[in-house]
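Below is the structure I would like to discuss, written out as structure tokens.
The letters A, B, C and D name the chains in turn, as written, and every chain counts its residues from 1.
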Amino acid sequence: MSRNENGAILKIEDLIKKFGNFRALDGVSLEVDKGKIIGLAGPNGSGKTTLINVVSGVYKSNDGRVIFNGEEITNIDSHKIVHKGINRTFQIPKPLLGLTVEENIRVAAVYGAKDKGKIEERIEYSLSTIGLVDLRFKKAESLTSTQQKLLDLGRALATNPKLLLVDEIAAGLTQKELKMIADMLLGLKEKGVTLMVVEHLMGFLDMITDEVVIMNAGKEIFRGSIREASNNEEVIRVFLGG
Amino acid sequence: MRKFSALIVFLFLFVVGFSGIAMSKEAPKYIKVGTLYASSGPFAKPSTAEFKGLNFWVHYVNSKGGVYVKAFHKRIPVKLVAYDDQSSTATATTLYNQLITQDHVNILVADFGSVLTSVAVPLAKVHKILLFDVTGTGSKFFTPDNPYIVLCSLPTSGRWPYTLADFIISEKINRIAIVYSSNDFDQSQAVTLHNKLKKAGVDIVYYHAVPSNTSNYSIILHNIKAKNPNAVIEFGYPNNDIAFLQNLESSGLKFNMVFTVFPGQLFKLLKANVGVKALSYGYTYPTPPLLRYNKVNLGMGIDKFEKEFEKYSGKTPNFLNIAGYNVGLIIQKTLETSKKFNQLAFRKAIAGFSGKAFTLDGLFKVNKEGAQIGEMLPVAQFVPRGQGLKMNIVYPPSMKTAKAVYPAP
Amino acid sequence: MYRKKGIIYGLGITLLVIVLFIFLPNIYNNTSFLFNLMLYMALAEGLNIIYGFTGYLPFGYVGFFGAGAYSAALAILFLHFPPLIAVLVGGIGAFLIGIIFIPLLKLSGAYFAIANLAASQALYYIVANPNLEKITQGPYGISLANIYNPQVSYYVMLSILAFSMVTVIFIRFSDYGLALLSIKEDRVSASLAGINVPRERSIAWGLSSFIAGLSGGVYAWYVAVFYPTTVFSLEISVFVIVFVLFGGIGTLVGPLIGSLVLYSFYNFIGISTPQYFQLSYGLLIIIFALFIPNGILSIFEKRGIHVP
Amino acid sequence: MLSYALIGGIMYGLYFGLVGMGLNLIFGVMRMINLAHGDFIMLGAFLTYWLYYLFGFNPLIVIPISIVVFLVFGFLMYYVFVPKLLHSKDPEMLSFILFFGVSQVIEAIIILFFGNNQISVPSTIFAKLFNVSTFTLFGNTFPISWLVVSVACIVAFVLIYVYFFYTKLGYATRAIMANRHEALVSGIDVNKVSAIAFGVGIAAASLAGVMGFFMIGAAFPSMGTDLTTISFTIIVLGALGNPLGTVIGGLIYGVAIMLMQTYFSSWTNVLPYLLLIFVILIKPEGLLGKAVRNV
């Protein structure tokens, strides 16, 4: 498959995000192809999470453009980005703790999707995808952290995303849980959802991604397969902390 | 059957009629006097003082076997029902209503000052009970369509500066500075004084309002000094006057004439807070007990009152104690002269002795709307004498005890 | 299903409250107490919308109340509106002030509480300023003595209470309420659930200020004579917050119970032992904060009883 | 007139820095709003009055006494209230109510014991002590008591600065302010350190009470509410949660008040609040606060 067979669903152009004098994103450009799973890796502080935050509208960028499905969405509000079809999960899950599992999903299903029909169906679909049907009336605060991660994912799914940004979902999971989540993400890809997965665990990325992007100091330094990455000098230097 | 129902109706009418007659004939066991006071909050100090004065009156009349009620031709003891409104108008509303609807008081006495009196005015009107207003001088309370209010103690505040204005004009003092707190009480005085002086062609070089909770006048005093006035008039609440006089003393500034309101009402409080030196050569409106009214035709004269009050409470009375007691006297006279025991008759009785009754608080005289128009407040000056102060009345000429020391040395 | 049941129970409770306040004056005719009780209940429900559901503590809630009282009074004095319309003008006046204050919602936690307090104080000092005497009558206060009507205003207050309750019912048992709760939990997650956070919270803010304004308007009518301090007293804010927290936030019944219990107790000690009024009330609040921190309704919730 | 207002405003502002200090310290450490803050200022004033009339103590002697008394009082009060509060769902909001109750109780007790009166110590007490009644700064004459209060405030600020940045305790306190949880994990006795900070906050409030007679006139039982509100304004103007930012907040407040009194006296009260709203919307963390990152 060539890269441009389906066209890019997301284009990031020269994105800059500053915190004071620190440039968390230093002119990063990136394309994500429709229907693929792209991995995003890099050392701590390389700007992966910041990139997700900017794309999902949580942070406003200082310069550069974000284009989704050919439409510029730079720095518009999160909820509008959600309505366009982008959603995300958090590294530290942020479910609505005081609400029940079902309410968490419901509010996203009602407010998150452009198409207002089939709300109940979408709720059931999300609940069953993340496997929390039995816990639907439990408060989110009583869930384990893994269940909270799943709920975060379920909240995103209920909004019918076309592009899903997954931020370090694998950290701290058991092997069994890893496998389950990997299958879940691959299942989403089957359904036509494009995914961008930020991850430290290369093994996990290897399981699911078509391609990886390596970032360092707010810039893309490599793009290609994981195998190629492990042979790339710059990538090795960056990861060894040179 | 028809007979039976006729009997029932007859019996019913009989009982109703009889009880009606009984009600109007039979004297109550007590005269219930209801009032509110504030034990906390911004009005607590003056409110509790007035309450104490009223309490003294109750204590005193009851020791004589009660108050004489003309409608029943006998003495009836007084029972005081009092609640604490904590200086809150919302609470006061409820409690006034409690007094009217639950306790069915015969006499309703307001709490201190305009703010806490305000909520009682419409309530009294709609329940048709006469409100004995102690010191609520708000001009909005007194309207021609409301017979259910009588202001017992002080003239409405807009009338207070009449003599002060005359004094300034007669002494030919020019260049006046007026600073006042932005509240009903002080602003109405400032406006009156300003207009009267302007009319007489007196220059007003400084005329500004400050918030009522102003507690530091250092800068204001300095700014006033920059205008070089011959007299500084400060209208405020006790807190304002205290801060003003304290700041004046520690600033080292001198003016030819300084006037403040409360030294004349709360002399001891002011003396304790600002000291003798800060009050020396200062001017004020003197009120009893600084004014000694002994020739009275209602209640005790000031000398006797001071003695009795001290026996009762262990403290020498201040003006607010006297105002509280004075309300008692007005109630007493009302009951003594009212031919019928109902609220409108009370109001009529008051109109009857208005302008004739002279108490230790001065002449009691109300207009048709119930507002006090009795004696004007004179102007007094404190002069040092030994370790303490002597008060001289400097205006009007009819009451004058000494010539004003002007300019202050 | 749960929602339908909730709405039915909620409306039932509303009906009960209405019937109760229609009949209570026959048994206990201190209508001022009953009026103030309804007033605090309505304000508590109004505050509940913005605090209980959305998580913004409006320390300066009284600002809306005062704005409502003054809007209504000025509509009567200058435009000669009939009192009923003027009460509505009170609501609208407060609502407009609410719109002006919308930028405050960008803040959170203590910042919001303090900024809102400052806003209400600023409003108070502006209304009370002698320079605006021609409009607001400044420190002289307002007199509406000629339209004073405690009977009619009593029932108007009751309908405002009912309105505030119905509003809360429909928030609590709707997706909109869920959206507000999401905003309270986490604004970022809420916006990622697709909620237009600024819009939804502004609507809640508007409703909340509208209810306070209506209450202020009818209060102005009911007391007829008042000063700026009367309707901008911080004590009103503090009372309402304490009532809501005491009852339990985010429910229909909590604020009602909080107001009923605490305000009745407040008046009870005020009438029975006035000399220890402040002390007993202060101690009561401390004890409750230490021992039932999540409100009375939390006791039921713990036992699995869900309260509408 | 301008220079008088500015210099006077700075001295007045130093005092208000002290007024807000305690509230901010407690907020910084506990994230709690001490609604009884103003009542502790009032208590400081009553203590000063009481010691003056009973034993003739000069307020300068009362300073160390009130610091010790209220430090201990605050320390104990922390243990009575705070640990319990922290277990609740929303300590920040619950503390609000709790301290409202505390404020009511303090006011009620003072009224029961002292009656409901305005009280003062003579405003010329320092003039008599130092035998000079005024001093001149850049051609403007001020009461000597202002100088005494300003010096006392500066000394207090320096001491708090030393406590914060040059003691182990201060280091631990700052750690807790930065992140209570991490401080706990890293082995700091969070409760003890917080209790001391709480005590320092209360003591700072009482100190403002001792000095209050010379800046804000007579003291009275219900003065607390207004002072608490003003303190809020000051600490937000400076930096909420950063005690030393309070000094800047106080200075802005003091100068603003004095300028307003000079040029638009009747609007004096409105300005600080408008200023506060303005600052809070432009820079919510306060003029000196650091930018906070979301998420």
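Convention: contacts are C-beta pairs under 8 Å (C-beta built on N, C-alpha and C of every residue); 3 or more make two chains touch, one makes a residue touch a chain.
What you see is a predicted model, and the numbers here were worked out from it, not measured in a lab.
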Required steps from subunit B to subunit C (each step between touching chains, minimum): 1
Chain with minimal offset from the mean of all protein Cα atoms: C
From subunit D, the most remote chain by mean C-alpha position: A
Chain pair showing more contacts of the two, B-D and A-C: B-D
Where subunit B and subunit D are represented by their mean Cα positions, the distance between them in whole Å: 38
Inter-centroid spacing, subunit C versus subunit A (mean Cα positions, whole Å): 43
For subunit A paired with subunit B, centre-to-centre distance based on mean C-alpha positions, whole Å: 75
Chain centre separation (subunit A, subunit D; CA means) in Å: 48
For subunit B, residues contacting two or more additional chains: 39-40, 182, 209, 211
Residues of subunit C whose C-beta touches two or more other chains: 125, 129-130, 188, 277-278
Numbers and ranges of subunit A residues touching at least 2 other chains: 58, 90
Residues on subunit D engaged by subunit C in the complex (per definition of touch): 27, 31, 33, 81, 84-85, 87-89, 92-98, 100-109, 111-112, 225, 229, 232-233, 236, 240, 266-267, 269-270, 273-274, 276-277, 280-281, 284, 294-295
Interfacial residue positions of subunit C with respect to subunit D in the complex: 57, 103-104, 106-107, 109-111, 113-115, 117-119, 121-122, 125-126, 129-131, 188, 234, 238, 241-242, 245, 276-279, 281-286, 288-290, 293-294
Residues of subunit C touching subunit B in the complex: 28-33, 36, 125, 128-130, 138-141, 143, 145-146, 148, 150, 223-227, 229-230, 233, 235-236, 266-267, 270-271, 274-275, 277-278
Complex contacts: residues of subunit C adjacent to subunit A: 175, 178-179, 181-182, 184-186, 188-198
Partner subunit C, residues of subunit B touching it in the complex: 39-40, 82-86, 88-91, 93-98, 101-102, 114-115, 118-119, 121-123, 125-126, 138-141, 143, 145-146, 182-184, 187-188, 209, 211-212
